[in-house]
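Below are the structure tokens for one structure; questions will follow.
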Amino acid sequence: MTDVGTGSAGGAEPIHSQSSKLDTIEPGQQPNARRDPEAPFGNNLLREIMSGGAVLTVLAIVLALVVAAVLIAATDSGVQAAAGYFFARPSDLFVAVWNAVSGAYVSLFQGSIWNFQRTGFLVQIAPLMSTLTFATPLIAAGLGVALAFRVGMFNIGGRGQLIIGAAVAGWIAWSFPMPPVIAFLVATIGGLVGGALWGAIAGVLKATTGAHEVIVTIMLNYVAFYLVAYGLRTQGLLQAHGSNSPVSPGDLPNATYPKLSDLITALGGPATSYTVNIGFLLSIVATVAVWYLFSRSSTGFRFRAVGENPRAARTAGINVKWVYTLAMIFSGALVGLAGADQVLGTTTTGFNSGVDAGIGFSAITVALLGRSRPWGVFFSGLLFGALQAGGYTMQALQQIPIDIVDVIQSVVVLFIAAPPLVRAVFRLPKPGSTRRVRRTPAAVAEGNVK
Amino acid sequence: MTTATLTPSAAPIVHEKVIVRSLKVPIILDVFAIAALVFAFGIPRRGQSSFRLSTSTDFFQIPTVVLPTVATVVTVAILLVVVAILTHLLVAFSSRGRSPLWLSAVFTVLFLFLFLTWAGADLRGIPIPGLLVGGLALATPLVFGSLGGVLGERAGVVNVAIDGQLLFGAFSAALVGSATHSPWAGLVAAIVAGVLVSWVLAVFALRYWVDQVIVGVVLNVLVGGLTNFFYTKVFAQVPSLNHTTKFDTIDIPGLSQIPIIGPVFFQHTIIIYIMYIAVFVVWYALFKTRWGLRVRSVGEHPQAADTVGINVNRTRFWTVTVAGAVAGIGGAFYTLDSVSKFDKDITQGAGFIALAAVIFGQWHPIKAALAGLLFGFAENLQSTLGIIGSPVPSEFLLMLPYVVTIVAVAGLVGQSRAPAADGTPYIKS
Amino acid sequence: MKLELRGITKRFGALTANDHIDLTVEPGEIHCLLGENGAGKSTLMNVLYGLYQADEGEILLDDDVQHFSGPGDAMNAGIGMVHQHFMLIPVFTVAENVMLGHEPTRLGGRLDLAAARAKVREISERFGFDVDPDAVVEELPVGVQQRVEIIKALSRDAKVLVFDEPTAVLTPQETDELMAIMRQLRDTGVAIVFITHKLREVREVADRITVIRLGKVVGEAQPTASNAELASMMVGRAVDLSIHKDPPKIGAEAFVVHDLTVIDAADQVVVSHVGFTVHAGEVLAIAGVQGNGQTELVEAILGVQNRVEGSIRLDGRELLGRSVGGVLDAGVGFVPEDRTDDGLVAEFTIAENLMLDRSTGAPFVRGGTLQLTELERFAEEKIAEFDIRAQGVTTHVGRLSGGNQQKVVLARELSRELRLLVVSQPTRGLDVGSIEFVHTRIVQTRDSGIPVVVVSTELDEVVTLADRIAVMYRGSIVGIVPGDTSREVLGLMMAGEKPAEVAA
């Protein structure tokens, strides 16, 4: 199951790229589903767009929103009431459904992008700033999961890496007084190191014993959780001094991420409620760094080679075990950055064992939606950040539980993973009649062209 | 070439084998033996440890066993050291180059006994039947979940969505059980719920060849989101829809009054009796019947199965369906036996422990069930010790199943082999 | 039973794998289907066996049109198949494998293992096979596994039996025994289809021969036809498989393997006390039937085997104990036996594959950053030099033909500064044109003074390339003989007989 969404080029590769066999299709082999660029087709580009990447993603999101709309309508009291006398006044039902769904999605928009009910530009874009805040750890952790995907590994251990990263970052943030900027940078590095160490366990075990990282990372999630839970209720470890509840101390002021609102007031601007902080900037830096890693660096080249075909990489002298270990270190570090975001940017007054806030698992969906490409992850992180931000507004204004966001996220990813399903729903053309390349006869033909 | 026909048939190529003397097992035993010595001499606990063996309903009462803590712990610790040394010797000198499995089992039991004695010093007495019964209750969903996992993986479908199946089973059992006031209807609903999750897994894994681990992970998120959504939107507003009639306890006449054995095996609801039967049935079906042979064949080498006329994807589909039904029953345990209402995330990740049990149990239904029992027992040990006040932080006992599984997949305890085609879709050209 | 295929056509997308193929096989006849790798033989048989659905044409058994929707239908109609890659479940016993799909059962679906065992014994005795029904298949040698495949087919009363490239994994002796079994089956009235590309076997056992090329039947031939006639039909032009080769200019001792022993993951001694020396400017071929330790020997040289004893010296420097990277840095060029699994990254471009084993330093990496312009220039040069047929340097190698893929591997390995070249099964699955190209480059490398080790299971290839031949059998080297040793002697050595005994 290792190669998930790891196509090396052309964002339209299906997630299910299977075996790395590339020979002719004889019985006993599983043919590789891949498009043939040399196929005599008039409009290749259009077909790529139509069948792959962008349109597919948008359609999957639309489908997920439709599914969520069904749930919202079905559980809406107005709709239920109207359904009771459907045969008397059917139009009431449609009106009620419309009201429920539009109300929900309007408040989703209002909570994530643009609050048109308020006046003044700075206030109206406050939801967008909130979206960026939610997106910050999702992008970082999503990059971590995506990085592992590209090396052929499935890091389900985001939760554990994030918890450990957060614990280390937090510990530094409340223990060591340091000058401004230095303080939060050092704490951030602590978060990276914590996540990296936790990720490294899975990497080292895979490299030395062949233990499957899926199982190890799942199990390490719980080990991390209980470890930190123990620390949080033990004086002298992570528990706030003199506290009875399992909560950590708050960060020292210098160690928290400066918020945009602070920056604006410092520059003499008006008071705002912008919670977006320097962590978002770090997420952008991380995105660029991952882009450079995979597109330009020799380390990334080896990462990709191992991800696509570890045997060939080994035969070419690449130290595959070290690559696995290093990739899990990088992956864990990026998730650790998300942990630092949580402690230094969001819950700065002391965290509990729920510090992960579901980000570890959401990161998987972020990486999948972003097709494991750095900028793809960045934008899917923004999207899911918007869903989070809007989800809370939706919960407050329309009494729709925030859990609907989990439903939307998972449905989007299911559809993304199965392009034929989306195509079937929307009656889209298949991506060319020659999905699978046969090259046997061509090979023979070539041999005879001499 | 023709000259060669005169020579007799070439003997089959059989390579000579070298005996590998792996030190993995002895070293692990060493670690635990050292831990035992630390318990005995480093951080000794003085006083007496008592074990209560009977419950009030038993035929006859076995008196509470009282042991001097220090003497017992020291004796057992020395025994453990002896076993560890014996294992070293067996690995170094025996003809097979390894120690027998039963020796490790004896070691494990001795160590648990030592630990209980040590931890239970001067406390009110460790209720052994209660410990076992509580462990069984915590293990029940794990056993059903792991049976479902074994079935799926034997057919070549990795099921990471066991947790989702348990959760959806628990939710559906609560909803239907409450609405109908019938636990039986709730049980059926749980089975249907498990099957539904399986079908989504099957459609994506078998029809669209989506990576099975991805589908599993995403399904867990989906089911979690859905049940939480309905919990808030429906259960919180109409509490009568979340109040089930639990199954009654059925005491097996006579047998249920035997000390220890009675409470542990014969004083339960129908769900636990189903579990006993299910473990046997799954084992029998997988290894003794035509159906099982075919299931295992599509999990090992689907193409070979196809060439003898077995419809691979159909077989996988129905096996995963059955697996979902089994896991669904495990979900019903939460809301029809354990408590009478559904709560958000009521499974608390039990599905992942069940997955661990599948691997620790080497994809064998009986071993996986035993692993599930062991993990359930460890979890209950933690809460029992928490109640009677023990010096070991509960978090470390809660970690145990996960750590044990990591050790297992790292190949440190025995060799296990997953079905060869586990997790790979069967793609005919 | 008489088998008749009429106008079978099978297309995969734009490509036609089978183009209106007609074939008739009478009962009691061995009918050879001869064709190059990729000519469409296996596709045709998969259509016959119900694994693929034909786009056009029909299958007739005793003049009745058949409609197979899956292998089950084909089997029920009396068609059996001995697959090239055995269709056996490794962890099952022989009896379980034979019964799978038509299991005898007792009450409640309980397997009747006794009946299955009896069936295996009965068929084994009828044909003189020595097969234990309770043996686990993965523990059996390949020759015996093949018999299990035959028993499996016969246990369903197959009247038409297809053998798909059955001799690839067999020793010459096992091959002869298989031929005898095929004759025996023919004499009981079974219609046999024998798929192969090995001319000698065809001429020895066939009653009739049908040659296919590029998915089309190009004609029938008689078993009395000469090798050259059959080969030219198969390839479509006159073929001369020998290449021009000057006598070797033997230099100093360069590559010395001494007392090498390899133990595999299953604790088996797969290479046992092997030693040989290769001189500069010489090709040493390592011959032998697949599975006699050649793969592990080569892996040990490359440094991917863990448990190795002995010594491997190149120009006096010990290679054993080095990482793969260290071995390559010492000047070893390596062409792996399975280019798709070990040689190339399918999803990478040609350019990326060309730098696969030079990803740490100059010329393609500077300061940890890829030098993409330099790489592109280099790739364009190599595409021209090695005549790689592709759209450009950014074409993914997964989209190239087998021959062009192998050229990419060769281009990569030969463009480093080499002190030794190790090539393993260099032409497996390639068309004739590519074979010539690869062979020529190997000989050129030798002539430039580099020692070359060629591992091949194809006797033709060994004889074509070798200056000396080492034959491996059961992990040991049976003997090292001159390159012009006769095929008969080599064949006996491949079955384990020492050269001296052979000569006697």
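Going in written order, the chains are labelled A, B and C, and every chain counts its residues from 1.
Just so we're on the same page, a residue touches a chain if its C-beta (ideal position, glycine included) is under 8 Å from a C-beta of that chain, and two chains touch if they have at least 3 such contacts.
Molecules present, by chain and UniProt name: A, B = ABC transporter permease; C = ABC transporter.
Quantities reported herein were computed from a predicted structural model and do not represent experimental measurements.
Of all chains, the one whose Cα centroid sits at the greatest distance from that of chain B (ABC transporter permease) is C.
When the interfaces A-C and B-C are ranked by C-beta pairs in contact, the top one is A-C. Measuring from the averaged C-alpha position of chain A (ABC transporter permease) to that of chain B (ABC transporter permease) gives a distance of 31 Å.
Each chain gets one centre point, the mean of its Cα atoms, and the points for chain B (ABC transporter permease) and chain C (ABC transporter) are 44 Å apart. Multi-chain contact residues of chain A (ABC transporter permease), defined as those touching 2 or more other chains: 25, 27-28, 436.
Residues of chain B (ABC transporter permease) in contact with at least two other chains: 303, 429.
Shared contact sites, meaning residues of chain C (ABC transporter) that touch two or more other chains, fall at 12, 51, 83.
Against chain A (ABC transporter permease), in their complex, chain C (ABC transporter) makes its touches with residues 12-17, 36, 38-40, 42, 46, 51, 83-85, 213-215, 235-237, 302, 304, 323-329, 334, 336, 340-349, 352, 355-357, 359-360, 364-365, 368-370, 372, 389, 391, 395-405, 429-434.
Listed in rising order, the residues of chain A (ABC transporter permease) touching chain C (ABC transporter) in the complex are 6-9, 17, 20-28, 32, 34, 36-40, 296-299, 301-302, 304-305, 308-309, 311-319, 433-450. Every residue of chain B (ABC transporter permease) that touches chain C (ABC transporter) in the complex is listed here, in rising order: 1-5, 7, 9-10, 12-20, 288-291, 293-294, 296-297, 300-301, 303-311, 420, 428-429. Listing the residues of chain C (ABC transporter) that touch chain B (ABC transporter permease) in their complex gives 12, 49, 51-52, 70-73, 75-76, 81, 83, 86-92, 96, 99-103, 105, 108-111, 140-144, 152, 171-174, 176-177, 200, 204, 263, 266-270, 272, 291-292, 474-475, 487-488, 491-492, 495-497.
Put simply, chain A (ABC transporter permease) touches chain B (ABC transporter permease) in their complex at residues 1, 4, 15-16, 18, 25, 27-28, 30-31, 33, 71, 75, 154, 156, 205, 209-212, 214-216, 218-220, 222-223, 226-227, 229-230, 234, 361-362, 364-365, 368, 400-401, 403-407, 409-411, 413-414, 417-418, 420-421, 436.
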